[in-house]
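Each chain carries a letter (A, B, C and D) given by its place in the written order, and its residues are counted from 1.
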Amino acid sequence: MTALVYHERFLWHDPGSAASIIPAGEMVEPGPHSESPERVRRINSLVEVSGLGERLLRLRPRSATLDELRRLHTDDYLALVKRISDGGAGNAGVSVGVGPSSFEIAALAVGACLTAVDAVVAGTVRNAYALVRPPGHHALAGEGMGGCIFGNVALAALHARETHGIRRMAVVDWDAHHGNGTQAAFYEDPDVLTISLHQADCFPPGSGGVDELGAGPSLGKNLNLPLPPGSGAGAYDAAFERIVLPALEEHRPELAVLEELSGEATGVEDPFLPIFEGYGYQELQPHQAAVLDALLAAVP
Amino acid sequence: MTALVYHERFLWHDPGSAASIIPAGEMVEPGPHSESPERVRRINSLVEVSGLGERLLRLRPRSATLDELRRLHTDDYLALVKRISDGGAGNAGVSVGVGPSSFEIAALAVGACLTAVDAVVAGTVRNAYALVRPPGHHALAGEGMGGCIFGNVALAALHARETHGIRRMAVVDWDAHHGNGTQAAFYEDPDVLTISLHQADCFPPGSGGVDELGAGPSLGKNLNLPLPPGSGAGAYDAAFERIVLPALEEHRPELAVLEELSGEATGVEDPFLPIFEGYGYQELQPHQAAVLDALLAAVP
Amino acid sequence: MTALVYHERFLWHDPGSAASIIPAGEMVEPGPHSESPERVRRINSLVEVSGLGERLLRLRPRSATLDELRRLHTDDYLALVKRISDGGAGNAGVSVGVGPSSFEIAALAVGACLTAVDAVVAGTVRNAYALVRPPGHHALAGEGMGGCIFGNVALAALHARETHGIRRMAVVDWDAHHGNGTQAAFYEDPDVLTISLHQADCFPPGSGGVDELGAGPSLGKNLNLPLPPGSGAGAYDAAFERIVLPALEEHRPELAVLEELSGEATGVEDPFLPIFEGYGYQELQPHQAAVLDALLAAVP
Amino acid sequence: MTALVYHERFLWHDPGSAASIIPAGEMVEPGPHSESPERVRRINSLVEVSGLGERLLRLRPRSATLDELRRLHTDDYLALVKRISDGGAGNAGVSVGVGPSSFEIAALAVGACLTAVDAVVAGTVRNAYALVRPPGHHALAGEGMGGCIFGNVALAALHARETHGIRRMAVVDWDAHHGNGTQAAFYEDPDVLTISLHQADCFPPGSGGVDELGAGPSLGKNLNLPLPPGSGAGAYDAAFERIVLPALEEHRPELAVLEELSGEATGVEDPFLPIFEGYGYQELQPHQAAVLDALLAAVP
């Protein structure tokens, strides 16, 4: 069985206005921010309307504690987010709007990922899907980025290690953008294999190249697969078959975490493949395998 | 002929999210703020679509200067609004969200009212309508209130006096809420007759009673007509016929300024009566004259 | 314990665009329709965020069958709504937009009320709250009205009678508008006492006067309490104490149904008093709990 | 000087709800349609706020007459759109929602393009930009498509020919989607060179290949440049330099029409390059001005 960890409070995080992700300003008219509640709300609604919800175990998330957040984030950054959140509104990084109670909501988003890990480790479910907001994979130890406040998935892996003693893990991130925050969290950590499939040269700028391979003992334990815009199902199939699965097979993780912007999935199956939200994503075109072949050749 | 003073930039003022006017918070889900761009945008659009625009002279507003704003507001308050506006977002009073460039947009709203005064005084037009945002009639010298940043209409009257030497003026405010800021600006000033028709005991709480009559030499030069909820055209007719017009006749203003939340009207005719926006207003019910009679008896 | 009957599908009913409730047209710019998904979505979200959800039994609604809908509605009307709903979009009455799948969603809204009745009658819960959309109390046998497609609460009472053999019932409707559809359903039926508290002369126009008292054997079994605009907690207290409770006491219903636009409440307690949406409504004050206590005492 | 032809009424066209362009339905939650008023509203607002508006001549559009619409569209199709528009709401093709007064608004959009042509031909301005809604380049003679009701640009060219006697024309369409409607209008017409730059294999499906070259006497007078997703300024530069400019030079049009979804540009300069809306588009970079310079030189 699969668990779904979701909370209505995720809809209450208000990143402020923007023109998509460009901050409103003198020459930029305010409008809805890309990191919209609609992303998770529509998925949650579709889960229920489609009938999928009847086959899932809904789990109520707990909040992550301050000590759990400290596993990744600096005290200064945590204090900054808390101060802005209590004060009303402000920015905790580039395109990271923080509104009333955003600290608590972001801590609940992390907590949902911990709840997912706990349920999988306890064997309650075979896998779990954390449908959370704000997202997390761009957040760094001391800085938010791209709508991400706390590193949800990185903290999930750290929780699995510190609370459950799980050593070898893998994170596969197939959000359209590079999972730079997750990469940074484990860049020198050989126990956590991090793989990111993303649109080449998209966001963050200059991040996510094939040459970012991990450092020190973890060299080769970070894999980036920057796919050309327009890559479709064929490209993903080929990338998984030739790179992701062999790498997982070699790493032999005890726990795997899938990450995509529409949620944070824990476990090795993703029941949500059919319900990707198109919004904010490149539309994936079929059969760009030829382009991918060249890419594959470039990855060790 | 009538002038319309409007600028697209009025749509760019972002008061942040709220539940109507209640600030978003731990138990209040963020949503659209009542002080929405749609208020002026829909009126401007209707002016064009209805064909009314072809019979109006559109004037491009200038910004009010800092010195012009100082006629009403304290340096501390002006500095506060400027600082928040430059910093990105925050509050300049109860339910007064300030966003990027809100200082400049509010100064342009004031400027539109000055432009309207200039055009009427110069005789270019017989009257002028300033369709502006943010609104102004709740703003005090040192504090914003109820979505109002600067006192648009009070500053228009001060401009008429200081720049054009006009002495006797009247402000008639028929917004659904009490024009407390305009009242405060001229409470001891016998040259400016201030009259406010509004829903009794609505906003600001405890403000706008019939006993607020002006002070010192201006006693009797401030008139509040707090109408019961549901008052309709009959109530307004009676209030104008029995109170507003006699008071104007006695005061003999050289310039009259009408004020309502959908804009700020200068001059003594209002071409916009047929296009009231319903939003935020009590729906006005016909024939509550009986209730009004009692009210009239209470006003000296 | 109290049940909450809600379904995400209620958010998917699309009444089309309007200017509040005025249909868009040549001189009316399209905008959001008053009968917005936000009404029930915000309440459902607040139930969860406030923690109230943990003390409620969430029940999944079933759809009402065609035979169940026929208890109130004509075959012609049911066919009309089905045809528009399958075709895409159109109107099934004044201000009754029907969009894709609106027939099925409206049947689910009715079904949620039947589910609430079943749970109360079975004794699973002491009372139940059906948080549904589209609303129902304006709908007539052969015509939708004011956003209402099917008569949710009237159908709930008919279900209680025909399926569970309950004879004496009461419906108390405290939505701001007159419950004309519910009134019509039982206007000559002495077993169902119908009481509506509403703003006088509001909607539907000319409906809901004190002289509409029921007909034939049911004379005196329909009570309208048209309150003046602006009526607050005191008015409601007095109305309940002097009219509603004595009438309930005399009628001695086996089942009472409370109705307000934010949902359809079955049973005698309403756990939702503190979380009324302000939108367009008289705000109800918490100390009405005392009145409700008396109401509870009046129902066996 | 450059003219801008815009009307507030373009904001009033309501294509109904959708999930982006997917019609709402049983498993598709209603949401905002991609063909949103915000597209033209934000551009018009930015023109004013940036100060660009002060350097443009704003022209008020007239409506296209029925006879002018018949130059491209069949009587049956015109009657269908009129009937749906008068009736309230419905579809006039795939993803072509028609709402109240959409017929009249679409006729005004065509009329704005005719107004632009008239101003350029009369020499009042050197070029003109028609900022219109609904868009037009997918519309066929007897069928709407992709949000397009009438073929704005094709009708502009037909007007230039029939009213002004202009024979040789060129249409360059750089919207992200294939200009299939404009292509179809002139597919066998050697006097009108049609060129479309667009994302390959995007919309309409299967349309816009390099092998669609025109037919009969017009063979070689229709050029499609299907660019791969992610193509940027370099791709556009190369496409213009190697294909578009040589083709224009050879065709020697008396009038050139640029087309993109954010408006319909008539004449040879486009003053709007710096203010492209990012929404759904390849972002065009400012240094394309060099390419435009060459384009200008190619047109007498």
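By definition in this document, contacts are C-beta pairs under 8 Å (C-beta built on N, C-alpha and C of every residue); 3 or more make two chains touch, one makes a residue touch a chain.
Not measured: the values here are computed from a predicted model.
**Q** Can you name the chains that touch chain A as well as chain D?
**A** Where chain A and chain D share a partner, that partner set is B, C.
**Q** Taking each chain's centre as the mean of its CA atoms, which one is farthest from the centre of chain B?
**A** Most remote chain from chain B, centroid-wise, comes out as A.
**Q** Going by the touch criterion at the top, tell me which pair is linked by more C-beta contacts: B-C or B-D.
**A** Here the pair linked by more C-beta pairs in contact is B-C.
**Q** Would you kindly tell me how far, in whole Å, the mean C-alpha position of chain D lies from that of chain C?
**A** From the centre of chain C to the centre of chain D is 48 Å.
**Q** Using Cα averages as centroids, what's the distance between chain B and chain D in whole Å?
**A** 42
**Q** If you average the Cα atoms of chain B and of chain C to get two centres, how far apart are those centres in Å?
**A** Once rounded, the distance between the two centres reads 39 Å.
**Q** Using the touch definition from the top, which residues of chain B touch two or more other chains?
**A** In chain B, 11-12, 29, 45, 49 touch at least two other chains.
**Q** Which bits of chain A are touching chain B when the two form their complex?
**A** 11-12, 14, 16-17, 23-26, 28-30, 87-91, 99-101, 104
**Q** What residues on chain D touch chain A, complex-wise?
**A** 19-20, 27, 29, 31, 38, 42, 45-46, 49-50, 199, 201-202, 228-230, 278-279
**Q** Can you name the residues of chain B that touch chain D in the complex?
**A** 7-9, 11-12, 44-45, 48-49, 54, 60
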